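The following pair of complexes shares a single chain, chain A, combined with chain B in the former and chain C in the latter.
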Partner chain A sequence: MFYMYFFDFDSFWSELLWIMKFNILLSLFFTIFAIGFFIAIIWIRIYKNLRNEKKKEQHELLIEFLNSFLFDEDFEKEKEIRKFKEEHLRSSLEIKVTIKEILHFHENLKGESARELEALFSKLGLVEYILLDLKRGSWYTTARAINALSELCIVVPDHQIEIYLNDPRNEVRQQSQLYSLKLANENPLQFLNKTVRPLTTWQQIYIENALKNFYKGPPPDFSQWLDHELLSVVEFSIRMIARYNQFEHIQKLLPFIKHQSDIIRWEAINSLSSLEYTELLELIIPDFKKNSRLIKLEILEAVNKLGSHEELKRIGDQINTTDWELRIKYLNIEQGFLPDKKERIYSQFMLEKQFGI
Partner chain B sequence: MGSILNHFTEIASWLFLIYGSIICSGYLFTAIYSLIEIRDYKRRNNFEDDIALLQSLNLPAISILAPAFNEGLNIVENVRSLLTINYPSFEIVIINDGSSDNSLELLIKEYDLEPKNILYHNFIETKEIKNIYKSTNKAFKNLTVVDKKNGGKADALNTGINICQHNVICCIDVDCILENDAMLKLIKPFLNNGNKVIASGGVIRVANSCVIEDGRLIEVKLPDTFVARVQVLEYFRAFLMGRMAWSRVDRLLLISGAFGMFDKQIVIEAGGYNTNTVGEDMELLVRMRRMMQERGVPYTVGFVPDPLCWTEVPQTWEVLQRQRNRWTRGTAETLWIHRKMMFNPKYKILGMLSTPFWFFFEWLAPLIEFTGILFFIVLLFMNQISLPVFLTFFFAVYTFAFLFSVTALFFEEYSFQQYKKPSYIFKLIGTALLEPIIYHPVVMWSAVMGNFDLLRGKNSWGVMSRAGLSNPVKEKKK
Partner chain C sequence: MKKILVIEDNPMVIKSLEFKLTKDGHDVIIANDGREAMKLLIENEYDLILTDLMLPFVTGNELISYIKKNTPNTPIIVLSTSTQENIIMDAFNMGVDDFITKPFSPNELSLRVKRLLSKS
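And now, the complex of A and B:
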């Protein structure tokens, strides 16, 4: 009653203009949202801190556990694994931290220890968790699961991974490619036969890295993908033929220096010059003028690697005087071939530039 | 007469209200889009292995272009920091834009530079180059210093573009502090895309008061001054909310001049940086986009939300006003130069959404706000203001502004959480509470003056003095 005497809300509210009511309601709405976000910020902060604490604890526990598991001969493995699973693998966070930590350990171990870690991963029931992740349906859990499977070399039926080779998401495709590669005993790039989506340069970098650092078998015959439908796969194969010094495929590369795609032509010229195929110059110099700027630059680079000043001079006449990029590239190479005339070439160029020749 | 005035007042009030509501809705949409994009970005980048990248021969070589004008105080350290970037193949081109201090002498001495006759062509017209220097020390073989006549930042960058060797260029401010993996992250959009990527930009963060050692960020701290602290919030809003949202729909119109990567050939074909505008960074990207759109070539502009580059922001009101004045002129000039794109369906989303958004909500907003304040003063003098209505309206606007900043802070907490100390949260909340009444009017006024200066034909940057970043090692030596 006392309150009502001083402030009658109903009559106060009904006497307000509609615009004032609207403003007050908006202010209330914004304030509630702002407070909500503020609480969310504090909650995220506390949640992340607690999570980090928990991660740290789990991390320390795991380091002790993994060190004992791997290096302590008196460690009762079966009993301790059971104990760890019951006591420290109860929450999703504990499981995730454990997976991450085992992956991290695995990265730095080789041979017997790595195999033991893979066995431990299975005994802790983490494979089932990963397989659940794989089936969960969202692209990022799928990618994460395939990543863990490939890192720990856990074999699952082929069809379970193959379906992701042409997934719409780059990340899922990349992880499934790396899985297929890392777990292969031979022909690690077999997945390329089933690939129908272009490989990005990013994916090519990771495939090459996995080939060099994870795959232990004999290098694949890269020429088998030279007639692949995807230009990116052809491009990758041409490059790999050069990187792996597969000189026996030089003849197969030759048609690609006349390919209709600039990218493929560029890659073919670049790879053949890396393979030091000196006959290449006779094939590309006469056609210099017919090419695009990108290919012309690459032809000049090939002459720089494989040729002489005489061969370079054959190109000189084919360069338009206003094509400055080509002229500069040409003169830079010429300076390399004729170091004693370096200054003269420079002065001549500056003079021509000055008078617009 | 009174009735006409009443009608006019009512119509004007409604127009202001409608405009305000549209802006608020725009902010709401950008917030939602940004949240989705940040979440996706974090999920996308769970499995990266930098070592694989660093060992790769497939990463394109990058030319890092850094214009320098009177940077003698820190230039030697800044260059040293650039030289230690994690990237397999890069060159650094420092363009001394006619400095009147001893920047060049310091560089020559520290890096054993000597003049070299290097062949180059002015693909883009620039001021005269006096000399090009290369180091005699093999450790600095990827360093080139160009000494040229003063022509401004855009001209210096164009000179760098003419001189540099590689096809991907990264334009940065020489005093920026880059994260070690900044280049690896910024190049990713170029390599992981089906379309032609013409540029990619990163998030800029405020370095004031942070601990910097040998050109590397050691500890993130909240700036001591209010002016710099508000800009932390502003940068959250601009990068984590605004640009992330535009990047989601691939219609970003601005890559910050302090840190952006470009396809050199496309830049040259577009004509390089425009030396006649003070907003050369925005103008270049708009021109590149326009050119690609007119050619009908599918293309993309990438954006990386990781904090990759830290820069010093104005610490004083005076410098801040000069900066915002310039930004306004730059925006207006860019929009004017490319006015043909506005509401032009030929340019699709760019013409129908991006440029109108910039016109109405970036350039016009401060002018409308200023007109609103004038309108309010006139009504006040005419005794047409109802104080209770005004107060409720003011409170609604104020709470919205606060909500907007708190949302941005939430995005930061959710994504990268760079400000670790709990006290920073409360300081930032306090800053957000004060911003609408202390900081915002100054920024609005600077924008109004920017337009006024533009009409007067002012075309200079104004003196952008810096206080310098905190470097405990250097301070100890002193």
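And now, the complex of A and C:
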């Protein structure tokens, strides 16, 4: 029977119940799907292994090439560069590994070797590849390309980087800011004039760090950004005035202790106190009660730094007895002013706390 | 040929140091971590030791203490990313002969190695 059906598929199929047909088709579908899935996994694995193998090969080749290029006096540079470019920079993977490896070397070396690596990068034609990367569209490719340009100090026309200063992605903005800062001749923070997106706290730290580590020229006059339309830029400038001890701008900072934004007021008090502007206390103590807790705590800190016990006592009456955060801060500072009465202050504090005064 | 032990865990730095120092005519022995370095230090003596401070298993400071206790005349150069004054001071107080910060200039390092080897 089966033998007959085997040769006569049409009659076999037409005589089957619909549920049987459905089951057979479903089984076939899943079998093909499972085989396809299995082949895909194997293929991806093989592809990845081959890619890793190629990466490893290129990596080893580069270590040999770069070390010879940098340290071997008998190495025929021009000829070898040409040969390397023709034979080992053909695929996108080879180019990517080469860029990564040159950056890695550059990160660890300085002096003449670093300069030679920068020259090699151009000679291998990698700058053109990086410039193409800039335009590829994905944010991580752009950020990586700008990072490579700034790491290797490769100067490109301003407009090619400026467009990324206000990119929607933080990472791209950060890299373009670093590029502008590292390659600036005069004003390293000139990019702030073109910035329309707020600086995140992390970006502010990053800029400060880059300014300290990469910029070798004279520090910029930070007061030029005190009237910037972005509060985050104003906040950053106030902080930098204190960090770079620009005492000449103290008068310009004074209006900010009355600013409507708590963050700006806090930064101004903190910076003026860092600059040891003792007249600050006369300006902030009378308004103590009107401020938020954040500012009140900073005022107490300023009194601790610049003031005396008498000035602290002027604040004491203005602190709500149940505001424990402020009370504790106040009593801690008082302990510092009156070390001989430390124990009495502490027992008074415990007593107050016990009775919830 | 002077024997130099390089204790470093960054493969790129290892290769560069090995290449440069071999070119300068030295016999370079590599240890990739503190434990391997300790084993090599127990088995052999070296004319100069070039070490990182942040190493896996045994730290650079522990290695320096060991070297100074057992072979006090072996010159030590520290090659580290650290630029903190207290770390540099600590290293000199432990008796290291030179401190080079990363990123480093291979030519400068080569000269410092030569100077220390000629002294010793």
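Points to keep in mind about this one:
Assume the second predicted complex is superposed on the first by the 300 of 357 C-alpha atoms of A that agree within 3 Å, B and C clash if a C-alpha of one lies under 4 Å from a C-alpha of the other, contacts with A are read in each partner's own complex, and residues count from 1 in each chain.
In this section, contacts are C-beta pairs under 8 Å (C-beta built on N, C-alpha and C of every residue); 3 or more make two chains touch, one makes a residue touch a chain.
Nothing here was measured: the structure is a model prediction, and the numbers come from that model.
In the superposed pair of complexes, A:63 makes contact with chain C only, with no contact to chain B.
In the superposed model, A:143 makes contact with chain B only, not with chain C.
When the two complexes are overlaid on their common chain A, residue A:208 makes contact with chain B while staying clear of chain C.
Once the two complexes are laid over each other on the shared chain, residue contacts for A:71 go to chain C alone; chain B is not touched. When the two structures are aligned on the shared chain, A:158 is found in touch with neither chain B nor chain C. Of the two partner chains placed around the shared chain by superposition, chain C is the only one that A:105 touches, whereas chain B remains out of contact. Taking chain A as the reference chain, the count of touched residues is higher for B when chain B and chain C are set side by side. Shared-chain residue A:332: touches chain B; no touch with chain C.
By the touch criterion stated above, A:19 is placed in contact with chain B alone, chain C being left untouched. Comparing which residues of chain A touch chain B with which touch chain C, the overlap is empty. Across the complex, chain A is touched by residues 10, 12-13, 15-16, 19-20, 23, 102-108 of chain C. Considering their complex, residues 16-17, 19-20, 23-24, 26-27, 30-31, 33-34, 37-38, 40-42, 44-45, 48, 139-140, 143-144, 147, 170-171, 175, 198, 200-206, 208-209, 213, 239, 243, 324-325, 327-328, 331-332, 335, 342-343, 346, 349, 353 of chain A touch chain B. Residue ranges of chain A in contact with chain C, taken from their complex: 63, 67-68, 70-72, 101, 104-114. Note for the complex: chain B touches chain A at residues 43-44, 46-47, 49, 52-53, 55-59, 117, 119-121, 123, 188, 190-194, 386, 388-389, 392-393, 395-396, 398-400, 402-403, 406-407, 409-410, 413-414, 417, 422, 425, 429.
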